[in-house]
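Quick one: this structure, given as structure tokens, is what I'll be asking you about.
Labels for the chains are A, B, C and D, by order of writing; each one numbers its residues from 1.
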Amino acid sequence: MSNNSLPTNAIEHLPSQNDGWYIRLVKVFPHHTDYSGVVWHGTYLTWMEEARVETLSLIGIEYADLVSSGYELPVVEMSIRYHKSVRMGMTVAVKTKMMATEGVKINWDYLITSPDGDELYVTAKVTLVAVDREKGKIMRRLPASVQDFLNRLAIMENQ
Amino acid sequence: MSNNSLPTNAIEHLPSQNDGWYIRLVKVFPHHTDYSGVVWHGTYLTWMEEARVETLSLIGIEYADLVSSGYELPVVEMSIRYHKSVRMGMTVAVKTKMMATEGVKINWDYLITSPDGDELYVTAKVTLVAVDREKGKIMRRLPASVQDFLNRLAIMENQ
Amino acid sequence: MSNNSLPTNAIEHLPSQNDGWYIRLVKVFPHHTDYSGVVWHGTYLTWMEEARVETLSLIGIEYADLVSSGYELPVVEMSIRYHKSVRMGMTVAVKTKMMATEGVKINWDYLITSPDGDELYVTAKVTLVAVDREKGKIMRRLPASVQDFLNRLAIMENQ
Amino acid sequence: MSNNSLPTNAIEHLPSQNDGWYIRLVKVFPHHTDYSGVVWHGTYLTWMEEARVETLSLIGIEYADLVSSGYELPVVEMSIRYHKSVRMGMTVAVKTKMMATEGVKINWDYLITSPDGDELYVTAKVTLVAVDREKGKIMRRLPASVQDFLNRLAIMENQ
């Protein structure tokens, strides 16, 4: 996939030996911080959402298109650990990997580290479900386009 | 007007000698601040939106209902001056008044001050227009429910 | 407790039969929502922080003063479940209770429900630790002012 | 200046015929939007701050270092016009240029457009001042490092 469709992002698909982890580098700006000079604990959720949406985009699922098609993938569960604080001006690597799905649940693992990987700042797990926007209900099975994405991803990781 | 319809708010309709200004008291929490220990300059826009929506609510216009009816009142213009910074833990008074309308433009003035009014932190002006959600276009005239609101407000201020 | 010290808030200390739960009513404004018309999943963290800071305030700990004294209570762990979405214009009850502490860890439970308690929207657990701001390190024991707060709270709940 | 120090950004210094405008491409994620499916009007302030901080960084002023040195450049005035809404999934170009300074005031112009420049979404003006953090006061003259930056910028634009 060419970079042309991703002009704003520093996401890269790591080589297969990295087991399917995607990385997005993020610089810490004033609006990310709170009074303590470090990143406010809720800010990480914006970075995790961005990494998730961009991971889907890399495989060919534009989230905005998915929504136009009548589907959503809302977060239904999240757990997060803050190991070490991140200061204004630093750049961090937001790493995410789509893990095994269970029915319509899609599980994502997260690591937020220094760009060289030596410092671990945050670990998290996020669970999404597929929702039919018109019915407002969780779907019994994933939308075809998302299931297709999962199949392609599985093929890539087995290569 | 009873407090039943405003359970979460500290808005009060000031006496008529205050010329139609509404006040909402807001306490500064950590998530409102940035590295400098004071309120991040964009945070004030959330407080101004809340004061605007609650002012409409006091007169009988629930913004969520307006949206369900197919209208929106997006911000099309804003100017803001930051006179003095506001620290975590402080409580401020967000004061707003709907000024004269020009066609479908609704102009609001803002003052953010200390609760006793002695300190002036922020002054701002915000302009809204009425938009037809389905057409995605600015309306030629205000929705009837909003025009009705304006008429009622004018009556109140003339009493 | 008089309302003078809590001018902006709808927090109430529930009767003792409610086992120490505090409640803060919050109305959903446009800036809380995302494209789907419901509250963005990260917004709840602002409400949970506000409820936590106000619970401390009710017992006599102003968080801004604690910070001025050289301490912080950062979030080190959080888990959250989103049971049902919350729409713009709705009012919800953010309920929190400080649970048993383990060393310098302070655990908080959260329920976000409809004001009548019939609908459950979100459940969460948040863990704070006490940090010495100058040393940038987790403290071995809670600051005296916070430990004093815990003792007072325990007495209140046992009454 | 090499790109190594700016791994996360799509900022480029446009050729001199572009008169000193810097561009940052930004993709619209769910957390940027509100109920209406378009970017919430306050979100643009985060993008404008990011473009400002990155423009300074390109010239050699790391904002976090400036703060460590005891200075700040807070926003004291802002005006913004919203010409056209921006939808989730779109990518926009946030363009900024530092204009003439007046004393310690630094004025920035903004244009937010489609990447090809054909669509104009937002125009804005932002004024910063230099503040001495310890004294908490506006400085009489710009910090030497910032004045040096202005001189270098003027040289670049005159080339």
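Everything that follows uses one rule, which is that contacts are C-beta pairs under 8 Å (C-beta built on N, C-alpha and C of every residue); 3 or more make two chains touch, one makes a residue touch a chain.
Being a predicted model, the structure only gives us computed values, none of them experimental.
Seen from the C-alpha centroid of chain C, the farthest chain centroid is that of D. Between B-D and C-D, more contacting C-beta pairs join the chains of B-D. With centres taken as mean Cα positions, chain D sits 27 Å from chain B. Distance between chain centres (mean CA atoms), chain C to chain D: 35 Å. For chain D, residues touching at least two other chains, in rising order: 30-31, 35-36, 42, 45-46, 49, 67, 88. In the complex of the two chains, the chain A residues touching chain D come out as 7-10, 24-31, 45-46, 49-50, 53-54, 62-65, 67, 87-91, 115. By the touch criterion stated above, chain C contacts chain D in their complex at residues 30-31, 33-37, 40, 42, 88. Chain D meets chain B in the complex at residues 35-36, 41-42, 45-46, 49, 67, 72, 74-82, 85, 133.
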